[in-house]
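Taking it in order: structure first as structure tokens, then the write-up.
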């Protein structure tokens, strides 16, 4: 069977793209999405730990017939844009080096998501490129579409903030959120490729559990974004690991500053997301299979008997929660159709 | 290989036991636990739909070499006690018939759990034995141990109320709960044996979703019990189905009427459950595998940064959430050691 | 979010296509593949049991925004080709009715796969359209590509024969097979959508078992095709059900009529499949995840120490084992590029 | 909740037992079975990598409240018997040291299973205690019960040989096996606790694959035992990894030296295993859930249409395939009831 690219490039590529950190779960997926993208050209996929191996040997199902190379971030030729899929902390210096060479950067790490340096330092430690801190646009296109067009550096949101903020944005924008509880669940791909007793199949099958119960660093990011939208509410956040690979659900319980009828809440959500290409407002609760391997976010809102709003959002944590949302951002940065390569 | 009973009866049995509805998930398990119980004798296991089949053909792993029979509830001989594992609504008339013959009854259905007839009628419809309504002891031995000793009719709690109430009881008893959110998750055994597209392996694997988002009938039961303990707080309750068989987790978020430090909350829980044979207070978040196939409830409590209490309880939904809790109740009714046959 | 078709049709469609039986697992997938196909137009998706429901309500992930309709097979307008996804036995009369109206038919059932009526009758019972028996081309394009071009009726192979025959064809064509054992495994989608205790998530998780151990009707189909290729060998066939949704593996053990070195066997396979667009000869054993949701067949052959050939083939049972192979056949019947809509 | 031992010791223990290598999957289970055993006293559980940790922190579900210690194999006091759960190669020197101190040893590794040193060296490398090679009794009590009574050193069979030999023994003993193919499948616990990309939940879920296709070291062990029984037949052996935790199935295809009718084969099996406490001959194909967490082996034999015998055996790979079989052996060595602590 010959190696084939499913869809040939449509004319000149809009950008020659590098994916840094392509041996991890989200980097490998980013490389695959760029590889299949009709307007982007994947010119390199890099990895520190797996340089020399072929990407389609590590991830056969992604079918990207490229060998992983090592990245020298100070000297990158023939690249217009980069998607950086490094761990938190490790990303910043590489991002800075790429930006110094004029390369557009979509960062998938947490290094440029927060707006307050003190918050960053509390949750992640010293920052690796403080000169760039505050320069990035927060890459949730449903909220920041205009700023993303033409941006040079984009911080793609964390997976939990993506689901949680999309679940609550219509209320947050109206300043209605008084108090928020987010109960989140995620599959084992969110744990990363690093092998560990915890994600051994024998440990996870027929299991589920909460983790980071004393504080998860996605909480301040959710609070930051809800506040930026107009609802500076305290957020209680508890994540859980589920026995599945890809998929994430945020179940959000919100006390409102003024009552809202169920019909009005549902109408508000339908209206708010009517024109969003990737947010689907459902008539009932979402499920994870329906968003698997897509850039979609499925949202449902209801008001329960005591008047509390319950809002659900389901995404694929490595797609809309990371890699495909990164490409959605890159499409906007390059002034392409936002959905290019993602439907 | 000869059919063997793992442990011989220790002397005369304390009771000859009937399990009605033994072809369903919880009834079959109840039959197995009674079968292996050193002080109980399983004299019959009945089923409407599967009469004539052997229980160990339907559930090989339970190894109960009995044929299922049909039950005539009006005429039962040689039985001292019954565990009734019928669907809600169907249980009440059978329970009443058995009680009329003087048989002790542990009911696993919802028919005798609620204290207000109007609440029962709203969530379950007309009651099948109103003369007995209010006569049952609520079968959560951690709360009602003394009433259960010598009781004639026990209503075993629902699985979600079992986990939720055990997660919150130490706070409820002190009147501290002002407001409660319960985010619950359960495996597919909670859905029952009835075949359905929804629980087809092809539908559930790599999936998870909330359900009954507009109101689940375990909510009034949780509110009833928290109020009975001293905290008549409103409860928001949302259940989810997970891709696993047995296991249930209640993640409870509580606003307290007065602040409580994390250390004080944890000390309160350790003290409250110090002598409970089946409740284990952990030093960190619980997981479902650790309680699988046991009558244990693993509890963890913490107070998050904004002062909200987060309390977790993990149980096996068909064990402590149904069948083994039923036997725990029966042990108390018969004045046996509460842990007999359950360790 | 607006309903969108991922890829617009490229010019006039090559055929207006009906999918009959679109509420089952393979029919629904066939509808989805036709819906996304750049040269085909899905004009109707029919179902007896679910007429009136929308296909994207039953299978949200397939995103086909059509309502299912009832089929009157005697009166079908505006349709050039049909994919029939009915159960064995039920398919034949509908296929015959559609053919009488000049409609090209790809049948996914077993009704037209066998060449001997007596064999059909033994395994499936009376045939529903004997006048058409023997008229169909066997739809394994890797073997019958030329006959499929321009064919009017195609019998798409069973999933197990697809994997087994592709695993053994290079040897069969040379007349080398003296004796064959096929140990096959499949996920629960192969069991079909019909709900059943057996495929309840609670029954299948952490389980696996052989089934149809006294004879499976795919065995005569495998024997027929190996004989047609030149190796009329007896085949022992045992299938197993695995705790996964989509995926099938055939592990084939063959005694040869003359010895073959491992290197020669591997060279033979590489050469035989060099130009096949969907068969990939691997350098090591295949796995199911790598072929999931694709029309690919991954093959590996080796010769073990005692001289026995062991050949493996992995497919997705509802793709290459049914629906996408049906579209591959339809592409050939319509003289389209064989890979159109399938990469 | 107080730590409790489910069943108190019945009088003086028959032996004080050490489990070496108790942090791995099989060692931890062996420690748990000894802990609960009514006639054995678990005096130490050792681990090189996890010394200092509590066993019930590593494996909460086993509920063994002991801290792991380091083993000095040259100086072991107060121990009558040891179960050694070390990797192949590492076991032999420790076994030899323990034997020099007069301690009875049940070895779970491969180091003493083979009868020919050249075969050992080919598959495992240099032997670590050649002076003991050939001294061990092969610990399959269904075949070697009398030799096991009073043995000082027992080599517990590999999991695949346990299932394969039990599946074929009734035929092998009659010298009937001319040719054998074993297609085996196993869950991820068979891969061991070592973390690895391969057994990451995200890699194994919805996956399955053959491995060691060029030769697995359990094959010579199976051939050795079939030959010892009277059938020196060549064995083709291919193992597969399945997406489940515990469970193993051997599907064996045998050509006989003389024909055998299905009824005769089934009668032969029933008769052969009539008195075996842990082998159950079924009337249909076995499944893995029915043997989970037990020392049982479920066997089914049939003869397919072409006259080939197909024999199935299902076990739990870490129970009957390792730890509980080790205790079964220890019971015999100590002249206890073979089933003690295992029902």
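Some points to look at:
In order of appearance the chains are A, B, C and D, and numbering begins at 1 in each one.
The definition used in the following text is that contacts are C-beta pairs under 8 Å (C-beta built on N, C-alpha and C of every residue); 3 or more make two chains touch, one makes a residue touch a chain.
Only a predicted model underlies this, so the values are computations on that prediction, with no experimental measurement involved.
For the pairs B-C and B-D, the larger set of C-beta contacts lies at B-C. In this assembly, A is the chain whose CA centroid lies farthest from the centroid of chain D. Each chain gets one centre point, the mean of its Cα atoms, and the points for chain B and chain D are 37 Å apart.
Chain geometry summary: the mean Cα position of chain A and that of chain B are 40 Å apart. Distance between chain centres (mean CA atoms), chain B to chain C: 46 Å.
Those residues of chain C in touch with two or more other chains are numbered 187, 203, 205-206, 243-246, 287, 289, 292. Interface of chain D with chain C (complex): residues 181, 183, 185, 187, 203, 205-211, 213-215, 219, 234-236, 238, 240, 242-247, 249, 251, 253, 284-289, 292, 300, 302, 304-306, 308, 310, 312, 314. Residues of chain D touching chain B in their complex: 1-2, 4, 6, 60-61, 205-206, 273, 276-281, 287, 289-290, 292, 296, 343. Contact residues on chain D toward chain A in their complex (touch as defined above): 25, 187-189, 191, 193, 195-197, 199-206, 243-246.
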